[in-house]
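You will see two complexes here that share chain A, one where it goes with chain B and one where it goes with chain C.
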Partner chain A sequence: MLMAKKKTSSYIPMDSPIDRLHPMVKIYAIFCLGISALVCPTFILSYVLVIFLFIVAWKAKLFKKFAKFIIGFAIPITVMLLFIHGLYSPKNVTYIANFGFARLGLEGTMYAIKLVGGLLVFLGSFLLMTTTTHPGKLVTALIESGMNPKVGYLVLASLNIVPQMQRRMIIIKEAQMARGVEVEGKLLTRATAFIPLIGPLVMSSLVDVQERGMTLETRGFGAKGVKTTSYIEVVERPVDRLIKRLLVVFLAITVVASILARLIR
Partner chain B sequence: MSVTKKRGFLYNIQAQFHTKALVLIPIAVGINLVGGTLASTLKLPLFLDMIGTIVSAALAGPWVAALVGFLTNVFLALVANPVYLPYSLVSIAVGLTTGFMVRAGLFKRWWGVAITWIAAVFVSVVFSSTITVLVFGGATGATGTSVLTATLIAAGNKLVKSVVASSFIENLIDRAIAFAIAYVLLKRIPKRFVSQYALAGLGEADDEED
Partner chain C sequence: MNKQLEVSNLSFRYSDTKQKAIADINFTVDEGEFFCIIGQNESGKSTLCSALVGLVPFYFTGKMKGDVVVLGENTRKSSVATLASKIGFVFQNPFNQLSYTTVSVAEELAYGLGNLGIEREEMHRRVERIAGLMRVDHLLNKSPLELSGGQVQRVAIGSAFIMQPKILVLDECTTQLDPLGSEEVFDVVKALNGEGITVIMADHDMERVARCADHILVLDGGKQVAVGTPAEIFSDPSIRQHSIEPPDFVTIGRRLREEGLYSGDITLTEEAAITAAKGALVR
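Right, the complex of A and B next:
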């Protein structure tokens, strides 16, 4: 079954130094590295950062998965963007290659390379954050840094409910197939099968909403002025604080350097 | 004067998030995601991952629907692919549009649903094209929409025009089916359930048609 295999989170438990980092450090890293890659006028910094992310992935014992994502994302988007901007960008004035049907322009190519670099830094660091951070710890850390605990509940409840609903979907599908609903065949047959499958799911889920609502209310979910507690503990170690400071300093240096570079030019 | 007005606006938003609306949110996110999985299991060339957003917009209002849309994309970014994260703005915008149009009473009649559908397509196209052009430079990978965009550019069209055109084709059919399914489902939800959300605009027309 295709649906049963779906995971609820991309977190892969691994005993690695990256896994042990405080979740906020990783969120700092996404923004500091990503924004540095964006503001820097050359594309070299982005690709240096991508190499750095590869080292981090290797440290996190997730090199293979990370490489698979980066390659699977980078190759199609680079080809598409080189096609769109390299060949057809209106900014192209200098041409570096001639393919007969179109010419490859330097400006569009540079734009595509820089854009892919920035995207790889942002998406790659985000992927590393999600694969090395337990969702519960991430939400607890966010609540500690000032997020509303109810929003935290919503994120975690969604992560829990979705696999439940996917299991229920399989049951409904089997029941409807027993009634004779066809889920294979022509496009129209498959399309009309959608309603008898999603309908019972929505209705039974709404019953679930009522039960959950009552259960939460009797436990004082809506109570105001109560301190919320969590079984999940996240501690900030001195090394976490150090890395956070280094990241902010790195961002500050790149921003100042790129402003200076633009002023000189 | 303006301060009290602002507080009133924020209070209005906060009032939408009572416990019953809050528990509806994860379920609606689930409906969105399962709808998407189901569409791919049935090998339909559609996403159909907005049904939960539309249902929650009709039941609990625009801001709840916006949060449903946002969390759906956060979930997809966490589980499937970080590319979904910037597109959460599209889901938020569609949730808000649908919610406000339901509140204006447009879900009482089928043509009102059609107007909401057109509005949702328009909002989706504006937001998703902006994100595709500004964040991703026009293509997000080897998807059907990106290939279509590239073909249109190769045929001599401007980048923005091509992205808008392919996004429009992608959204028009998908949103139409999503709205039709959501409308059919909403008509079948027991009134006892709808009434606890006390959102005017759904119950009355039912009485006339039943």
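Right, the complex of A and C next:
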């Protein structure tokens, strides 16, 4: 029998050095590492950064979860991008394989590999951020950095939406199973069960949104002329400031080097 | 007694309907009162409760006439967020009252305080106090989603009460709970009223209403049918025309009176009904 999971967010408290980093350090990491991976002319930097993220995941005691995500995402996306760019990119001049129905071009393949690397860096660092950062601390840090509290709520709600929908989906599945609907088993059975599950999921979410909006209003959300405060304290340590600076310097160096490399070509 | 809430000629029609949801409602609530709103389904209880806290007209659009004045502030000239520190609101569905932005009960209780800009130290003090009052102090580190319905509803009441409103409005807050959860929640509400908080509660449980209310407002089809003390309301036989069944204890006393076996006051509580029945047995 399924049991409805009761997590409110994707945060996994692990008491690791990565957990203890200031949330803004992780935000900086997403942008600095991600943009660096994208602007660098070669794909090598992307995959070096992916290896770096694996080390960070290990330090965060989340190696297995991180590896599962990266491999689970990387394989299908690589196949898809190789198919699109490798076989049909207009940049293809040199061909490295012939499949009969199409030829695999070197330029398109290199571009696909670079794109996958950049995506893995962005998504991998985002995953590490969400799993190692207390949601309340994240939003507190963002608001202290100048973000509008309403936008802060949107960020939090967005981070929590997937676990909430998963929880709701489990409840709906159990309800449908109690009514004799087959929802488990072969792929075809599960695909057929999708429609009686998705309708109630969407409708119940929409109904709940209204009441949740009213609850927020009655809890003072959006009160005018008030500087919001937080129950949770977020403290920036000297090591957090240092890492942020190093990330910015890394990005700057990568951008400058990329520009120079393109000019030299 | 200090008048805390005044409703004058209040009517409201939702924007996509032709009929008024509530019409010509007039009543006042004094400080420290336990005021109940009763009526069958679709009688306008939830609409009235929403109007008391400003959700009508700010959240629900439509045509509103009349005024609701809460502690001297007209709800039309204020906002729901501003009124939140004067009048708190607890809904029917416990789980829809979670912010879904917190990972612990403590954070959930403190959520509203952050919106009001309360200092962190004061937040921690209030969370500790309210958690004790709501009997959730042993749950502070738990995720709100790990709680039972009754526990979540107590957290919801705590989340509203922590903002220190003088008035608490509860819209059928025990309807979706099991009997034990329902009693746990009601005990907390009574305790708050005992501390001087004015409680306005829409409820279906007539026994509870008869036992605790200082005054009752009866609604039918959006209209105000009667307002008075429990004795006045439940002793009026015409109340049945509005699909309101008096509590069984009242019916017992009435039947004994009809048989000439009891001549005392209306039996609003179990104890009064038992006393009346014992007296009748002796006769």
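Rule of thumb we're sticking to: the second predicted complex is superposed on the first by the 185 of 265 C-alpha atoms of A that agree within 3 Å, B and C clash if a C-alpha of one lies under 4 Å from a C-alpha of the other, contacts with A are read in each partner's own complex, and residues count from 1 in each chain.
Note that in this section a residue touches a chain if its C-beta (ideal position, glycine included) is under 8 Å from a C-beta of that chain, and two chains touch if they have at least 3 such contacts.
These figures come from a predicted structure and were not determined experimentally.
Undergrad: Counting only touches as set out at the top, which of chain B and chain C does A:L216 meet: first, second, both, neither?
TA: both
Undergrad: Give one of first, second, both or neither to describe whether A:F99 is in contact with chain B, with chain C, with both, or with none.
TA: neither
Undergrad: Look at A:K227 in the shared chain and tell me whether it touches chain B only, chain C only, both, or neither; answer first, second, both or neither.
TA: second
Undergrad: May I ask you to decide whether A:R167 touches chain B, chain C, both, or neither, giving the answer as first, second, both or neither?
TA: After superposition on chain A, A:R167 lies in contact with chain C alone.
Undergrad: Tell me the contact category for A:R190 with respect to chain B and chain C: first, second, both or neither.
TA: In the superposed model, A:R190 contacts chain B only, not chain C.
Undergrad: Thinking of the overlay built on chain A, is A:V139 touched by chain B (first), by chain C (second), by both, or by neither?
TA: The second partner, chain C, only.
Undergrad: Looking at A:K150, would you say it contacts chain B, chain C, both, or neither? Reply first, second, both or neither.
TA: first
Undergrad: If you stack the two complexes on chain A, which partner ends up touching A:D208: first (chain B), second (chain C), both, or neither?
TA: both
Undergrad: Looking at the overlay, what does A:F73 touch: chain B (first), chain C (second), both, or neither?
TA: A:F73: touches chain B, not chain C.
Undergrad: See if chain A has more residues touched by chain B or by chain C, and give me that chain.
TA: Of chain B and chain C, the partner in contact with more residues of chain A is B.
Undergrad: So which positions on chain A get touched by both chain B and chain C?
TA: Correct list for chain A: 6-9, 135, 153, 157, 160, 164, 208, 212-213, 216-217, 221-222.
Undergrad: Enumerate the contact residues on chain A facing chain C in the complex.
TA: Residues of chain A touching chain C: 6-9, 11, 134-136, 139, 149, 153, 156-157, 160, 164, 167, 208, 211-224, 226-233.
Undergrad: Can you check the complex and tell me which residues of chain C touch chain A?
TA: 50, 53, 55, 58-59, 79-82, 84-85, 88-89, 91, 93, 96-103, 106-107, 110-120, 123-124, 127, 143-146, 159-160, 163
Undergrad: With touch defined as at the start, can you tell me which chain B residues reach chain A in the complex?
TA: Its residues touching chain A are 17-20, 22-27, 29-31, 33-35, 37-44, 48, 51, 55, 67, 71, 74-75, 77-79, 81-83, 85, 135-142, 146-147, 149-150, 153-154, 158-159, 177, 181, 184-185, 188-189, 193, 196.
Undergrad: Taking the touch rule as given, give the residues of chain A at its contact with chain B in the complex, in rising order.
TA: 2-3, 6-10, 73, 76-77, 79-81, 83-85, 87-90, 102, 111-112, 115, 119, 122-123, 126-127, 130, 135, 150, 153-155, 157-162, 164-166, 169, 183, 187, 190-191, 193-195, 197-199, 201-203, 205-206, 208-210, 212-213, 216-217, 221-222
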